[in-house]
Structures are given as structure tokens and as C-alpha cells.
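Letters A, B, C, D, E and F mark the chains as written, and numbering starts fresh at 1 in each.
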């Protein structure tokens, strides 16, 4: 799972709680660095850097070592979650929400200018987009983010939270705005499945496949089929 | 799938993410040009021209060559997605939404006047209509678009995003306002199906049929049946 | 299907996209004219007269010929869809919605006074009622329309759009306010079914029956049963 | 079905379109008059008296004859549907909704004072209660109606419209506020069923039973069971 | 079912229409009085005292006799349903809703001070809580009621109305705020079931069990299982 | 179930009414104290201390004894439920909701400073978060709570109420913001199941397992499987 992405694509990883979205991002960056020598940035909103590195190391990915080699950077974007809804830029009151978006885009741009990455992972966009409850507001925010990522030329993953369990569900706008969509679900029986819903410009296997999280990360059981 | 449309009809292609709505449009235009010598316009909101042409070429459709022969034009309408919600025309503040609609209709009209196309594809109308969350607003917007397309005399496809997965769903207003509706879905097992829900003035096969996206585009397996 | 309606009844034809609501109306008027010599009016909101006549002729119904015999009239009510939400009557600003309703009722009355029809078809009421998103507003609008139709003494069909697919659905107010209800659905397998849900003052077969749209219009396969 | 009601009970008949709610009311009044000599009032909102009497006669119930014997009265309450949302009582603007309720209660009271009925049928309360979209408003309106009916000492039926088809549904407040509830549904296969959901103070058969509308009204096939 | 409650517990009886919530309360009070000599209060919102006593007597519970022995009291709280939404306390306008709550709590307290009951039944809390459509308002109202009941030291039942039929449902806040929850449902086939969802501090059988309402009240068929 | 938590993790226990969320918390604290000598704090919103201690003792957990040994503390946070929506801090009016959050965080911090616990249980966060009906408000409130708990360095459980029964459900924001999620459900047949949906940094068994509440607390039947 570390290779095989089309260069310059923006892929959404949409998953339920506990399906390993963060591990998925790490394998994408770690795999790219180890197998292709590609530089990666992790834009993290959920955990402090030390905790993140520790957890990934426990899964066999030594990102700290890659960081020393200049192959990996961790960018802390947890501010996005905490910016108040009302702020001031000079004397002008500015909605915290817009500031949240602008901040994140600036943070990404800065890191990109400095590192010139081949791969970027944003984990997760939910903290940003949940600020915009109305669909007509949420859609352009996602679009701005997607286009900023696209302009970097890097291959990008962004994770997002699934709004409901079950097979029949409301489609989320980020599924339409990303160029690829990977869906991570937890079936009733406790089996996790991965399904590539969309991958523009690639032929793909769209069957849901079971996977397990092992000592060395996510392993897809690609020969097996699983339906509910 | 490149032929067989009734002249002057407005057909909606309604599909889930990853079901090939854009490929569907290209095959419609490419097929018309190659088999009937018909001129086509692609009104694109989602991708830069170069990316679009590259992806379609990878699927065996050399639209750039057709463009040189005067059989194909690409019209960039991605502005529609970015017009702010408040704008000014002279000194008069104008809702960005109305401007978005007017802009798109003008863009279509201009291209039509210049090219006199036999076929038009609009991919997709979702960026326009998601700005109108209330049904009583969305309906007349779609109507304006449909009537503008109708007035061109060309055979037209327009794509739109499905709001939810599953067999039982809320019907979307564009399904009633278009003269034909083609539904593209992804079944749970990762199988894609195409179903002609409506085609005014044509006898039609309304059974859902499986299809695959191959090296040379979408291929419908019309002898096979698939139910869930 | 051209005969057999109780004189003076208001019947609602409620159907999914592509189920032939317009054909249903035409057969009602054509059948009445041909088999009983009854005069009919078609109040059309969806298509220009020429397109409508052409499509129906292709299905074997020569309404233009009936028009010359004084047995058929086409009334263009497409204005209803385009009246702006705010208008002025003299110096008094009037909500476009009320004007839409008043206009339609006037249009119907005028045509009735002139033609004295035995049968009326209104295709469709959706463009009118979607302007009233709140149920407490929509209900009296439908009621006004039903009572205007009732006062003409003619047998009337009005078509409306179904809000969702599937067997379990929210009931729509027009189903309660009309005296008869015919439901046209598209099953998952692409089979269309017709079901007479309600027909005040008639014994009826309430089983859903499959039907096909053939060269000569809708044909109900009344000996067959179809369940999902 | 004409007998067997507990004296002084308020029973709700809740049904889908076309399930014969009006016939149900007529049989209740006709049966009471014929078999027990009880006087009945029909409070009608949906149809002119003549149409109603004609339809019921076609089903074998000669209510006009009973009217001459002083055993039946028809009270026209169709005004309730048409009272505008804003009205004036003297110089005081009064919400049309409150007026609608007050009018109906007055109409009932007047008729009761004059006729001293043993049975009352109100067909239907939906035109009244749909004016109150919020549950917290709708509930007290239904309560006022129920208590007015209760105070008459007569046995009462009131009909109401079911909001959705299907087995799993949102319960409606009138189901809790009435003392008995009879549910009339149309199964997918076109079979109608009657089910006594609630009957305070009576032992009851709560199984859904199929019924048919025959030449002489509703006939319950009480020996048969029907499930979906 | 008359015994076996943990002293001082607040148990919610949540049920569909016609499932016998009122009978359930009566058996709780009657059983306590007859088998343990405990004093009970019935706080009634739905029916006049005479009607209630009559119905319960028909089911073999002579509450009037218990009343003479000082073992039973009926408290009429039907006012709660009728207090207008705006009232005045002295010169201060007070929302009717708050007054409704305060009134009920006062009524309960007064009765408790006078009777010193061992058991209290409140039938039902729905008339109170439906006034608060927003969950964030409804929750503290239920909490105030629960704590008032808790402070009496008596064992308490309160009934509430289920919002929807079907197995999968939205949980209601009173289910979380009560210490025990008994669910009364009507299956599709007309079979009633009782299920103890929650009973803090007790081991319990959580299986749904069928029950019947017989001449002598509710009888649980505890050896039988019923699933749908 | 008393051991086996990763140090410093924040785990959400999400459960239906009657599934033993409070017992779960007690076993977590009691088990830690007895088997590892760890100090625990219980932040309780639902019950007075005495009642809580009594119930847990009945299940074989003598928390009062542990309290004397300095291994257990009970912190009463029931105030959170009662703070009015409008309050004043000095002369400044402060929204009660913000005060509720600030109060709870202060209460936790104070107790932590005093006791220096290894384990903390918050039972439940629902009383806090139900005050924030909008998702965009609720999310940051949960985040503030999670980060306060995280900063203590203790291993933490927090309980929350499930919003609906059934397998297909809307995911709740606390499921994404906690590092581990344990789901407690009641199947239709009255069987309770526990499922570890998420546990960051641990390999886990994600199968739902049946459990029973016995004389000595919750016992998971981990060899058994249960599906619906």
C-alpha cells in the first residue's frame, strides 16, 4: 500500500472511527520514502508529534529516522481546531472559520515551499469542515483545500470522517471533490474492509476487501472477498 | 454508447463518485465526432483542460486531435465554482449565486454561437446547484439551464452528483426536469451499473446493466443482469 | 385506459421520472375523444406544443387531427414555472407564488369557458406546488386547484412528481386531496408498475400491475402480478 | 362494524389514501341508526353533501332516508379548510388558525345542541391539524377537539391521514390523545388491512385483518391473517 | 407485576398507543396496596377520575375501595395540558411552559406531603415534555421531574409515549434519566411485548416477552419468547 | 476488564440505556486499584455518592474501603446538569453553557491536583454535551474535555449516551475525538454486546461479544460470538 498512487493525485481516505486512517497516511509516506526515496509531509491535527511518532514506530515505521534523513516532516496543524469563531485581523473582525481555513492553507504552503515534498498527508480535514454545517459553505472550503494541494504537484492523501455507518448513506461532498476515494469501514462482525470507490485515471478493483492492523501496519487481504 | 441519442434531447447523467460521469461525457462527444462527424463542446467545471485531455487520451479518446479538426472544443467553466457569494455589477451588489448562473449560461451561449455544436456536455451541474440548498430555489435554476441547452438545438448531456447511495432514495429535481436520465451506481460488491431511468420519445431498456471501465473507456455488459 | 373514469372525478397520477405521466394524460384525452367523442384540454407546463404533439404522434395519438375536429386543445401554462417570486399588480407588490397560482387557475378557467371540455389533464402540478415548501402552505394551494377543477364538471387528471423511490415513503398531500390516485413506479429491476391506490366511488383492483410503453402508448399487463 | 363501540368513546380512524375512511364513518353512523335507532351527525370537510350522500347510497347506505327520519344529519365544515391565516374579529386581528379551531368546535357544539346525537363522525381532522406544523402546537389543538367531543357524551369517530406508508413509522399525536385507534393500511400487494391498535376499556383483537370494499361497504375478512 | 420493584427507584414505562401504560400504573399501585399494604398516589393527566376508576374496576382493581382505606389517592393533574403558553404571575409575564412544570412539581409535592405515599405513578409525562421540542430544553425538564420524584423517597413509575414504531429508533432522553426503563411495544402481528431495558441495581431478564390484557389486567407470558 | 488499558489513553464508553456504563467505570477504577494499586477518581453526574457506592458494593466492589486507603475518590459534578443557561460572573452575564464546561474542567483539574490519580472516569459527558445541539459547537466542547483529560497523564474513561438503537447509525463526534471507543448495545433479543470499535496504539479484537451483568459486575463471554 505504500506505492501505486498516480503522481499528483488528491486521494480522500474516508473512514469510520478505529479504521486506521492515520496508519494509512503513515504507510503512504513511509512507503514512498523507503521504496522510492520520496519526501513526505504529514499535516497533523489530532495528536502531538511525539505521540504520533511513538505509535507509528510501534507499527514498524521509524518516521523519526526518516526525518533525520530529510525524508519526512511533521507539521503541527492542531491550531485549526482551536481558533475561536471570532477573531481580529488588525482592527477588522474576522470570522474564526475563515481564519481557520486560511491558516491551514498557509501552513501547508509554507511547509511545501520549505520541503518540496513528493507526498503530503492531511489528517484530518474534519476538524476544518465541521465548522461549516451548511453544504453550500462546506463545498467551497473543501474545494479551496483540494486546489491548494493540487497546486503543490505532490501526491496527496487527506482523511475525513464518515458521518454514518451502514451500506446506504448520504454521500459527502469531499467524495466528489477528491480525485480518488478510499473507504474504510467496520462491518457488524468486527471485520474492517477497504474499498477503492474512485480513482480517476486508474483502472481499479472496486471490491471491498478485508484488512487487518498487524504489528507492521495495515495488511489488505486482497485475495478475500467480504460482503454483508 | 457513442450513438443512439435522440437529436435535441437533454439527458442527465446522475452518478455516484467514481462511476465515470466524465468518461461518459467524453464518449458521447468522441463517438458523435468519429461516427457521425458531429461537432461537440465540453463545458468543464472540474479539471484543467490538459488534465482532462490526458486522462481521456489514456482511455483511447484523442480529443486534442478532434479539436484540431474543429470537431471538439473544451470550454473552461471552473469559474462557476469560485464566484463569491456577494459581487458587484457596476455599483449594484449582486448575489454571487445569480451571477454564477448567469455566467454559466453566458459561457454556454457564447461557445454555442461560435462553434454551432451538434452535441454539448456539461460536467457537472452540481457545482452550480449546490449553491441553492432550498428546493424551491434549485428547481428554477435547473430549469433555466435546461431551457438554455434546449434552445441551442444540440443534443446535450449534463452530469450531476447523486445525493445518497442505496436503492431507496430521494428523487432529485434534475431527474424530473431533464428529458432523459441515466443512473450510474456502485453496488456494494464493487460492481458498477448503468440504468436508463427515463428517455422521452424513445423505447428503452430500463434494466440496470453492469459495466466496466476498460482501457478504451466504459463498456456496458448489456447481455448481463445484475440485482442486489 | 382511455375509458372507465367516473365522470367529474379528479384523479392524481403520481409517478417517478420516466414512468410516462405525460403519455398517461394523452391516452386519457385521446381515448375519450376517439371512443366517446369527448372534448379534452391538455394544460401543459413542461414542453412546447409542437414537441408534445410530435412525441404523442410517434406513439400513435394524432392529437393535431383531433384539434382540427374541435376535440382537443393544448393550453400552454409554462409561464407558471417562470413567474418571479416578486411581482407587481398595479402598485401593489404581490408574491410571485400567489400570482403563479392565480394565473394557473385563470388559465384553466378561460380554457374551460371557451372549450367546455369533458376531460382536462394538468401536466404537472409540481412546478406550482414546489414553490410552497411548507406543508401548511402547500395543502391549501392543492385544494384551490382541486376545487377549481371540480367546479368545471369535467373529469380531470393531474400529474405530480413522487418525492422518493422505494416502498416505504412519506405520503404527499395531493394524494389525500384528490379523489383518485394512480401510482406509477419503476422497480429496481427496471420494470414499471401501475397501481390504483384510491378511486372514490369505484370498486377497484389495487394490485400493482406491470406495464410497458410500446409503439402505441402504455399497455398494462393486467393479468400479471409483480412484487418486489 | 356498525355496532360494538363503547358508549362515549373517542376513536381515531387513521388511514392511508384510498382505504375508505369516509365509508368507515358512514357505516358507523348508518349501522347505529339502523340497528340501534341511534341518531348520528357527520361533520364533513371533504365533499359537498350531495356527492357524499350519492357515494354512500351507491354502497347501500341510504343516509338521505335516515335524515328524513331524524336519524342522520350532515354538517358542512368545509369552511375550516378555507379560512385565511389572518382574519379580524371586530377590530382585533385574529390568527386564521385559531379561528379555524374555534369555528370547528362551535360548529360541532351547535349541531350537538340541536340534534342531541348518540354518534358523531368528524371526517377528517387533518385539514385542521395540518395548519399546526409544530408538534407542541398540534397537540393542544387535538386535545381541545377531543375534549369537545368527549363533553358531548356521544360515541365519536374522527378520521386522520397517515403521514407515511410502511410498518415502521413515526407515531402521530392523535394516536395518543384518542381513546381508541383503528389503523387502515394498504399493503404493497394492494391488500387493505384494518388493525385495532388501541381501544381503552375493551378487550380487543389487535391482529391486522384484510378487508374489502364491496357493493355494500367495507367487509372485514376477520378469519384471515395477513402479514408482510 | 405488582411487586418486585426496588424501593425508591424511578422507573419509566415507555409505550406505544394501546399498550396499557395506564393499566400498568394501576397494577403497580393496586398490587403494592393489596400485597404489601403500601400507600399509592396516581398523578393523572389523561382522564377524569371517575372514568379512570371505572376502567380499572372493569379490570378487577377496585381503587375506590382502596381509596376509602387510605391506600390510594387520585391527583388530577390535567391542568398541565391546558396552561396557556403565556401567563402572568403578579405583573411578571411567565412562560406557560415553565408554569406547567412548576405546577406539576408543586402538585406532586403537595400530594406527597399529605399522603406520604410508598408508591407514585405519573401518567403521563408526555403532556409536559412535548412542550419542549428542543432536546437541550427537554432534558433538564425531565431531570427536574425525576429529582422531585426521587426526593420523595417513594418508588415511582412514570409513563411516556414512544415516538416511533419499529426496532431501530431514536433513543429518548427520559430513557437515560430514569433508573429503570420498561418498554411496551405492539409487534406487526398484533402481539404486545414487554421488555425491561434497564433496571439499575437489579439483575434482570432483558428479553422481550409477550403479554395480554385480560379481564384482570396485564398478564405477562414470561415463559414465551417472541422475536420479529 | 479491570486491566489492560494503555496508560494515558482517553477511552469513550458509548452505550444504550441499561448497558452498564456506570458499572464499566467502576470496574475500571476498582480493578486498577486492586490489581495494580492505582489511584482512581470517579467524576459523577448522575447519582448521589451514597447511592453510587451502595450499588457498586452490591456488585462486589467496595469502593468505600478503597476510598479509606486513598485509592478512590468520588467527585460530585452533578452541578453541571443544573447550571442555568444564563448566569453572572461579577457583573458580566455569562452563558450558562460555557460556565457548565468551565466548571467541569475546573472540577476535574482540582481533583487531579489533589489526588494525582492514575485513572479517571467521567460518567457521563452527555449532560454536558446535550447543551450544545449544533455539531459545530459540540465538537470543540468535547475536544476541550478530551485535552483536559489528556493533560492529566491519567488513563481515562468517559461515558456517553448512544443516540439511536440499530446497527446503522449516525456516528457521534466523541467517537472520533476519543482515542478508544467501546460500544455497549442491547440486541433485540435482550442480549447485551460489547465491541471495541477503536483503540489507538493497540491491536484489538473488534468482534462484538455478549456479556452479562452478574453479582460481581460485568462478565464478557469472550469465547462467544453474537450477530443479529
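Quick note on the criterion: a contact is a pair of C-beta atoms (placed from the backbone, for glycine too) under 8 Å apart; a residue touches a chain by one contact, two chains touch by 3 or more.
Keep in mind that what you see is a predicted model, and the values were worked out from it rather than measured.
Undergrad: Chains touching subunit B and subunit E alike, please list them.
TA: In this structure, no chain contacts subunit E and also subunit B.
Undergrad: State the superposition rotation angle between the two copies subunit A and subunit E, fitting on C-alpha atoms only and giving a multiple of 5 degrees from 0 to 180.
TA: 120
Undergrad: Would you kindly state whether over half or under half of the residue numbers at the subunit A/subunit F interface are used by both copies, giving same or different?
TA: At the contact between subunit A and subunit F, which are copies of one sequence, the residues are largely different (under half shared).
Undergrad: Could you tell me the distance, in whole angstrom, between the mean C-alpha positions of subunit C and subunit F?
TA: 58
Undergrad: Give, as an integer number of Å, the spacing between the C-alpha centres of subunit F and subunit D.
TA: 50
Undergrad: Report the inter-chain centroid distance for subunit E and subunit F in whole angstrom, where each centroid is the mean of the CA atoms.
TA: Each chain's C-alpha centroid was found; their separation is 29 Å.
Undergrad: Touching two or more other chains, which residues of subunit D qualify?
TA: Only 167-168 qualify.
Undergrad: Follow the ring of contacts from subunit D in the direction of subunit E and write out the chains one by one.
TA: D, E, F, A, B, C
Undergrad: Taking the touch rule as given, give the residues of subunit D at its contact with subunit C in the complex, in rising order.
TA: Subunit D reaches subunit C through residues 16-18, 54-55, 58, 81-82, 126-127, 130-133, 161-168, 186, 188-192, 213-215.
Undergrad: Which residues, counting only subunit A, touch subunit B once they are in their complex?
TA: Of all residues in subunit A, those touching subunit B are 134-136, 139-140, 143, 167-171, 173, 175-176, 181, 195-201, 203, 205-208, 225, 227-228.
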